[in-house]
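Some structures to go through are shown next.
Shared between the two complexes below is chain A, which pairs with chain B and chain C, respectively.
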Partner chain A sequence: MANAEMYLTQSSDIAARTLGEDTVIMSTLDSTVFMLNSVGTAIWNAADGATPLSRIVRERVCGEFDVSDEQAMTDATEFVDELAKHGILRVSGAPVSPQEAH
Partner chain B sequence: MSILAEIESKASARGIPLAAHLDITWRCNERCVHCYLDHDGKGEMTTDEIKDILRQLADASTFFLSISGGEPLLRRDCFEILEYARSLRFNVKLKTNAVMIGPKEAARIRKLGIEQVQISLYSHRPEVHDAITKLPGSLRRTTEAIRHLRANNVKVSVTDVLMKYNHRDVKAVKQFAEELGVNFVIDPTITPMLSGDRSIMSLGISQAELEELFREEKLVGEMADHCVPSSPVGDDILDGYSCSAGHSLAYISPFADVYPCVQFPMPCGSLRKQTFQEIWYGSPAFLELRSVRVRDLHTCSHCTHTAYCSRCPGLAYMEGDFRGPSPIDCEKSYARTGVPSAAMLQGEHRAPQIAASPTGLVQIAGLL
Partner chain C sequence: MPVELRRASHSGRVKDKMSSPMQISGASPGRDVVIEIGGFPIEVQTTDPELERILNWRYGEYMNPGKPPEFALRVHVTEPEVADPDADAEVWLEDREWKMVRGDFSASWRPAERRGEVKQTANPYSIDSVLRIVHTLKLAPEGGFLLHASSGVRNGKAYLFSGVSEAGKTTMARLAPPDVTVLTDELSYVRQVDGHYFAYGTPFAGEMGKPGKNISAPIAAVYLLKKAQENRIDRVEPAAAVQRILRNILFFAHQSDLVRQVFEAACAFTAAVPVYQLSFFPDQRVWELIG
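Presenting the complex of A and B:
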């Protein structure tokens, strides 16, 4: 399960495209399709393997959207868990280099 | 609304070319009797040109990419193109006859994350399939390739294009597809050649055979749903459009020419002279196409079948007017329901003789 100090990387086993403020992502492993709204897109775009989830939520969610810190973190961990379950996001306890990410 | 429908709706509202069909060659190692393409490779795009176009499509937010031909694997750079497309995070489908796919190629396709491989399969009998492709051994090689792909867990969809030569095999082909563990699609459409030559249309199944086909529940599903006449339409249908061609779908030929769809040969521009977005957003042909709604169709807007007809504007264009009816779709609606279309009643189309059309092209049937 994801927590605030986890690091996120985007899987290479996906197809993805930004459509305006939203992002469509499809897993090439199981063809699951996700449509991320602007908040999900902000987290997705920040999943660089070097930024902990807590900082992503603080800077990219709470800093940009009208939501409390606690609610934002709860929603973000659920979101990350769901994407991780389908192999779309990878979650680790330590920073991941770009080489390791792929 | 399903997620895919939501994606389509959002893309359409923003004018995004969500899907693109890119033929990287028209050359082919088969010579299928019903093929609508010529097989001249002169003037084909280079690898760099194709990569540049892929970048332009990604910049335009295209998500679904169908790479096709001809036989795309005849190009030595096919895997380089596929790899580049995947690096740009397209959802890629590959349409191929698969005769050049062995264990190594199948593993590579899996590794690249190709969403689906689409293959035509005309019969379970080599004497029929190979006679249609005019390539001896093609059924054996295609079947072996399907097994290699499935062994690598690659999704495969086979399309059975029904002609007078092979339509009696359709149930056996469906069973064969199930044994192979692949999706099965029936296509009773024979498309006129892009040159305008209609001689291959005579290969299609007859109206009576089409009616018989549409009453096979094992092939078309619940007949009560499939064959029920349409209900009256509301503004939501009349204000919509009947096909994604030119609205959210673009076709690009191996020579960098852009059209609404491979089955809709209305020239919209050349990528050797303009950028993709200049053509997509500025071509007078695209703008005219997008200005037409169902209510603007002079015959089809008041047809009984308006709600469920798979009217193909490209086939109508090849009849001379993309605002007009597509006769083979009238025949499909008639075969399905027994109710004549408005075009039939007006005498614009009198005698059904050829096969009807499903939604879209063989090449893009499973795209969205």
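Presenting the complex of A and C:
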């Protein structure tokens, strides 16, 4: 399962605002606050439930920032796990329809 | 480039730091009192003469007996029990009634009926905490909030000095020169009025142990405090400003609507008011940079 695709959707239990290149996200469940830098914001904005993480990393991270594919994927996976742990991102193994995403 | 993510823990704790002994002066027993903080008058009703004396001592400058109250809180004084006033308060909404519980008090507030009830002993800390909670609930839908910050007015403008415990809030208030009117050394009252932000004096005191002056002024800037060897001011980027202001906003209830209101309030506030980091060495020279 190491190469299983991950599909991301933004939780509805959050409040978020992108300011400049950064994004502030607050969980409405536990009031924790996160700040994403430009790379995190790129992943966050691409979390549409239909695009696999590997493609997001390839197109939105490696294509925009000076980083290797392998390092980018490792960092992105850690990032997704952390946000998922706090219920800010939802992760599934298959694409999610727009209705399910919301 | 690594994906960076920073998490901030949120402050939502009622801990009264009043440390000076009470000096209670006379007041006629059995009268209800109207306490107006932030332009928001609340009538506190009690038949307990000891509590009434406490209220007069604690909120003297904030008493406004001529102002029609927006709602009334009836305080029922109970017998002392072992309780921890440093415990976290729990606040939740149930059938349109806000419930507030901590070791040393229980309270409820029904906004639609403009009244509430408090059960506590005759002490200043419990009612003070209830008032703080009620004000946070009242302010949130209006885009205002209570901020862990000392504040002062200079040349008609208010300056807020925000930080966690030990950041230097009380130090900044103590160092204020004579031309500065201190609004609070602990908890600043921020209201949005017609798109402009104002700071109000509060009786919510920190280590100075005395209430701030009961005046208000438009907010010119917020300084996030950081102790250092030299004085320096740096502008804080917008997202970081929102994150750090959110970290220092006092609120208790975690209903999603309320959390969103607080989040939007922080975003709107930081868009309108410049936020700086104030690295400072704790002596009077720091005030040369302010105003």
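Here is the rule we go by: the second predicted complex is superposed on the first by the 98 of 102 C-alpha atoms of A that agree within 3 Å, B and C clash if a C-alpha of one lies under 4 Å from a C-alpha of the other, contacts with A are read in each partner's own complex, and residues count from 1 in each chain.
Operating definition for what follows: a contact is a pair of C-beta atoms (placed from the backbone, for glycine too) under 8 Å apart; a residue touches a chain by one contact, two chains touch by 3 or more.
These figures come from a predicted structure and were not determined experimentally.
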Consider chain A as the common anchor and indicate whether chain B and chain C clash or fit when overlaid.
-> clash
May I ask you to decide whether A:Glu78 touches chain B, chain C, both, or neither, giving the answer as first, second, both or neither?
-> second
Would you check which partner chain A:Val39 touches, where first means chain B only, second means chain C only, and both and neither mean what they say?
-> second
Scan A:Arg17 for contacts with chain B and chain C and give back first, second, both or neither.
-> both
Is it chain B or chain C that touches the larger share of residues in chain A?
-> C
Mind working out whether A:Asp30 is in touch with chain B, chain C, both or neither, as first, second, both or neither?
-> second
Once the structures are lined up on chain A, find the stretch of chain B hitting chain C; candidates are 81-89, 225-233 or 279-287.
-> 225-233
Note: overlapping chain A surface for chain B and chain C spans 13, 15, 17-20, 22, 24, 26, 28-29, 31, 33-35
Per the touch rule above, chain A residues touching chain B in the complex are 12-20, 22, 24, 26, 28-29, 31, 33-35
If you look only at chain A, which of its residues touch chain C in the complex?
-> 13, 15, 17-20, 22-24, 26-37, 39-40, 43, 61, 65-67, 71, 75-76, 78-79, 82-83
Quick one: which bits of chain B touch chain A in the complex? Just the residue numbers, please.
-> 3-4, 6-7, 10-11, 14, 16, 18, 58, 61-63, 86, 89-92, 113-115, 155
Provide the residue numbers of chain C that touch chain A in the complex, in ascending order.
-> 1-10, 12, 237-240, 242-243, 246-247, 251, 254, 256, 259-260, 263-264, 267
